[in-house]
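The following pair of complexes shares a single chain, chain A, combined with chain B in the former and chain C in the latter.
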Partner chain A sequence: MPDGSLLVQMLIGALLGLSVYLPLAAGQLSLATPGFMTVGGYVAALLSTRVAALGGAEPLYPLPWLLLELVLAAVIALALALVVGLPVLRLRGIYLAIATIALNEILRVLLLNSSWTGGAVGIFAIPQPFGDPLGYLAALLLLLLLAGAACQVLAGHPLGRAMAAVRDDELAASCSGVDSFRVKLLAFGASAVLAALTGVLAAHFFNTWNARQGSFDASITTLAFVVFGGSRLWLGPVLGGLVLTALPELLRPVGDLRLVVFGAVILLGPLLFPQGVVTPALLQRLPLPAGWRRRLLP
Partner chain B sequence: MPAVPPILPSVLRGGAVAAVVLALTAACSPAARRVSTPPLLGAAVALTGNASAIGQDQRIGLDLAAALLGPAGPGRPLPLTLAIEDAGTDEQSASQAFRTLIGRDVLAIIGPSLSQQAFAADPVADRAGVPVVGPSNTARGIPEIGPFVLRVSAPVSQVAPLSIARALRNDPALQRVAVFYAQDDAYSTSETAIFQKALTDRRLKPVSVQRHQFSDTDFQTQVTAVLPLNPQLVVISAGPVDGGNLVRQLRTLGYRGQIVAGNAMNSPNIFPICQRQCDGLLIAQAYSPALAGEANRRFVAAYRQKRGSDTPPQFTAQAYTAVQVVADALRRLDARRPVRGRPLAEVRRELNAEILAGRYDTPLGPIRFTPEGEVIQERFGVARVRMDADGRQGRFELLD
Partner chain C sequence: MDTLLQILVNGISVGAVYALFALGYTLVFSVLGVINFAHGALFTLGAYLTYLGVGGAVGSNGALAGWALPLALPFPVALLLAGAGCALANLLVEAIAFRPLRRRGAEPLLYLITSLGAGVVLVNLLQIAFGAEGYALPADALGDLPPVLSLAGARIRSVQLLLLLVCAVVMAVLTVWLERSRGGRALQAVSEDAVTARLLGIDSDAMVRLSFALSGLLAGLSGGLVGLSVSIAGPYFGIVYGLKGLGVLVLGGLGSVPGALLGGLVVGLAEAAVPGDLSGLKDAVAFAFLFAILLLRPQGLLGRPPISKV
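This part shows the complex of A and B:
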């Protein structure tokens, strides 16, 4: 049985999976999710440890200031996404992926070598807004529900259909009057905001934050959530994030072989389910109420 | 069907699911937990990832301690058990391993392997009121994390300057020093600051300071930048894997001078990485297998029986010492007032105070703690690595 703190990490994984999924739904491969998460985490870490007026010394960090951090992190991440996205998204193909790797690296090296971000050690002893993992669980569950609901609305919304059109064939979508640049930018911005919000909560939960959170490894891990879970439906990355975060911990009884088994699962996933585990075909087969199926399928 | 599906019902349903999950988790959370029989100690060290070169040595020490100090015996009626968890090489794995152990009602935790992990995981235990004994966390600021955090590993500020002094004794005329360190690692950045200060104190300004990442394996850029400056001494603060590869590449590309390596490379597990090129490395030691004293004799004998060698690595000795410190303190506590069946939180608090107050005769020599939890240790040394001609076997040769 996963304990409360593992459930929290699973939810963080699910949210990061969704953050990678959003640009992919518009056909854009962005690896910047850990970078934006790092930015969000630093906003939380810096504000709560360096600004005494925010009540970092109190036993429990006041919730209004947590909200302030969330808003500020979202604004900063969105601004950063626009600065990067405006030039890069005019290009086609894999350029966004390359630019986002560069963005992660620039952020990481800057944060690693600045004294105000704590250097290599980063920032530790970040105040806790909740007394136990349940508080984080509730906050992250709320965020996941909101993000999931937004993705669900998007599936039937003209913007969502435009994203799908750009993903399937950008040229054809443009010819049909879809402003593909705007659609891609919106998806990229939403991904950045979601990652930054997750970063704020993660920084408080992990109570330590440093530049290693935004490493290239982290980019690949979050991408694996989507590859494993499936990129066609928003439930896919959520499932991928939950499962792949939980597995290494649930496999602890296996002992020394646990990471071998974990690696095998990651390998077998795409082999057995090339489109990811959650696909429209799977939902057709599952015995779901007709209403659910109709709503979940695009 | 409307263009936009109604989301309110889904959100309500989601909320209901959330409430059930929360209620279930709340139901599983502990009421007043009590000390188990036999009392359980926890250890979380790196068994996977780059830091496993350190963790493997530590595991041997932990296993020896569990076998030697765990069972009840003459003069120690209380049996103890030790649970070992993999803390990985990253911060989150370490924090999760700590939480797992705390959830299993351990009385104290020995770990994690890296200072970098300690800054993340130790506050978890500190907030839960569980004593943590760092077996190999040498960065500045570890005992200051909280009242429940201690360490048996002497800080870099005490140990690191010794190897620099030794290198200067070998070659008093040396002038040109190059410094390498892993810039994304807490221990390495902490240690290189001490190394560089020790150099400056002796009026040696580094001709070059090169940075790399803890997970790097290729150092061509750094090495080729340094070699034209003709350094006579190279000083490295890095993990065992990156440091071992750096030494190998320095030698392969033609560096012939002395190399001083930091504490994380103080393990025979670097031998398979830099092989013959490890030869001549100078590393300061917080442990000497030759140390007189009953505790060390017993430890070395047990090590020889298990591993067939007379020279246990420093990390093995420190991990063993960490268990011994906790076990000794717990047994003293138990002798005054039996701990079994008493509330867990109370015993953890008393154990923390007892560890801090005690004096211990350990394989590291006699040690005790400052009120903050910093170890006070008397003896240190410097060793030179000697590799056999085939580059497979090697040993740490203590210098006087």
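This part shows the complex of A and C:
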């Protein structure tokens, strides 16, 4: 595999890590990031192969269509997140984790059994908007920078503080006037949109798309990104996504052990490194310019 | 098209498995207030251990290719040993994934993550040892019992009856034990309030271990029985049941023993009633129920609504 495409996959991993991080920053575990990514990917795959159907007249898939896909994927993912979140996030506790597992499974079953989405084989020959991996690299990097900047603004924003308050003690936050339902819903919606946008770009990049993208394995993998990187600072899941996507490629000889390693990360991470690798304490120790450190810490 | 009786038979026997599953989650939930996501992996372990117990050999794709026990045990013995093995394995899961967090008084979210990790590690170790292929237990595992009985035009497999029997016995014993015995009442006391229970002289750590061992035993027994009933579809087959079991658990009500039974039967019957040409959608039934119940009655059919105190 050429290095360019490994870098693209690492950026996809970083974006998915951020998508899991957002609800977790409000104390909610969503396992539906791969599900929303799958939805985004299908929007791209269906729109570009069935609706646009440009028939090879142009060498590259036009960018305005790509933008349309991104907008449509974001809207559909947000709607889906509201359908799931409105009933579930009124409840406290672990219901979101269970409901997002249910959402993944329902999506998988529906996609596998619908001929419109290509059934079990999925959709092939998704057109390329960019000539080489460099284009994808730029697009994903732009998305990651935008998402990272948004998280950075959030860290100092009242909404971000409300999220942290809900994470630390939802009952206490509610008593202090934080609308915890609204905060959790916003975080979950943002997570869904980010995953779907990533899915659009991933579907074009992989050239083919099927329901396996949203499997239980994928939920485990994306969760490992955040547990490894840490969920206190947005840089954590980005680092987790980058490193844990590259790791299996670098450790090729290990082969089948990929999921054992990710499982061990999820099992032992919260026990040994409760805050992940990127912690506020680590940033204090790193030789960073004082201004950077102040900005990165909440 | 199946007759109504056939749908009832199939639905109740599948429902019994779901009920056993939800009951395994319930035992741990009622004591610790958290869900053990490794439960599905223990179910898989139970199926593989039963397969080895009756003398099955490991297929060519596993690291243990060709390996088999030197002797073939009768199915009931193999099943019980597998149950005991899963009880031990679940004690290990408790010691690694739960106890350190409990000592620290960690938030419930972290238990979800660590137990999920324990399950993933276990399933993938099984995959490395046994390979990804499916395994079928020998058809004559039940000895002289006829494989299929006929009743008023419905085909009833002996293994379905056995599943029902085991489920009924486990439910009855567990209910009586929880309500009548000292140990069962101690377990209920811990689930009501661990601190007060400890002040009353109940060893709450021992109760937690007991609940994990019992829950592992249930996972092992149901895994072995389902392995015999529908064959082992690979290391992940327990996870699929485990995810559906979560739907059953929420439908019945978190922490409710009769709720687990009712939820299992409702989902089992609903799945059996899905017509043949839509059978691909069967796997979504449990999750559709889950969303419906969260909308209409979040505490589940037989659960108590949670009270949050400041």
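Throughout what follows, the second predicted complex is superposed on the first by the 267 of 298 C-alpha atoms of A that agree within 3 Å, B and C clash if a C-alpha of one lies under 4 Å from a C-alpha of the other, contacts with A are read in each partner's own complex, and residues count from 1 in each chain.
Criterion: a residue touches a chain if its C-beta (ideal position, glycine included) is under 8 Å from a C-beta of that chain, and two chains touch if they have at least 3 such contacts.
If you're wondering where the values come from, they're calculated on a predicted model, not measured in any experiment.
Asks: Would you check which partner chain A:Asn207 touches, where first means chain B only, second means chain C only, and both and neither mean what they say?
Replies: A:Asn207 contacts chain B only, not chain C.
Asks: For A:Arg285, using the defined touch cut-off, is the partner it touches chain B, chain C, both, or neither? Pick first, second, both or neither.
Replies: A:Arg285: touches no partner chain.
Asks: Where does A:Val153 make contact in the superposed view: on chain B (first), on chain C (second), on both, or on neither?
Replies: first
Asks: Considering only the touch criterion stated at the top, classify A:Leu137 as touching first (chain B), second (chain C), both, or neither.
Replies: The first partner, chain B, only.
Asks: Which of the two partners, first being chain B and second being chain C, lies in contact with A:Asn113: first, second, both, or neither?
Replies: Both: A:Asn113 reaches chain B and chain C.
Asks: Go through the superposed model and pick first if A:Arg294 touches only chain B, second if only chain C, both, or neither.
Replies: A:Arg294 contacts chain B only, not chain C.
Asks: A:Leu259 contacts which: chain B (first), chain C (second), both, neither?
Replies: Both partners, chain B and chain C.
Asks: For A:Cys175, decide between first (touching chain B), second (touching chain C), both and neither.
Replies: So A:Cys175 only meets chain C here.
Asks: Just to be sure I follow: which residues of chain A are touched by chain B in one complex and then by chain C in the other one?
Replies: On chain A, the overlap between the chain B and chain C contacts is residues 112-113, 256, 259.
Asks: Please name which positions on chain C make contact with chain A in the complex.
Replies: The contact residues of chain C facing chain A are 34-35, 96-97, 100-101, 106-110, 112-114, 116-121, 123-125, 127-128, 236, 239, 243, 246-247, 250, 280-281, 283-284, 286-288, 290-291, 294-295, 298, 306, 308, 310.
Asks: Could you please specify the touching residues of chain B with respect to chain A in the complex?
Replies: Going through chain B, the ones touching chain A are 1, 3-5, 7, 10-11, 14-15, 18, 21-22, 25-26, 28-29, 47-48, 85-86, 90-93, 95-96, 99-100, 103, 116, 119-120, 123-124, 127, 139, 141, 145, 182-186, 188-190, 215.
Asks: Please give the residue numbers of chain A that touch chain B in the complex, ascending.
Replies: 1, 3-7, 9, 112-113, 119-122, 124-125, 128, 132-134, 137-138, 141-142, 145, 148-149, 152-153, 155-157, 206-208, 210-212, 215, 217, 248-249, 252, 256, 258-259, 294-295
Asks: Note which residues of chain A are touching chain C in the complex, please.
Replies: Residues 27, 29, 84, 87-88, 90-95, 97-99, 101-103, 105-106, 109-110, 112-113, 171-172, 175, 216, 220, 223, 227, 256-257, 259-260, 262-271, 274 of chain A touch chain C in their complex.
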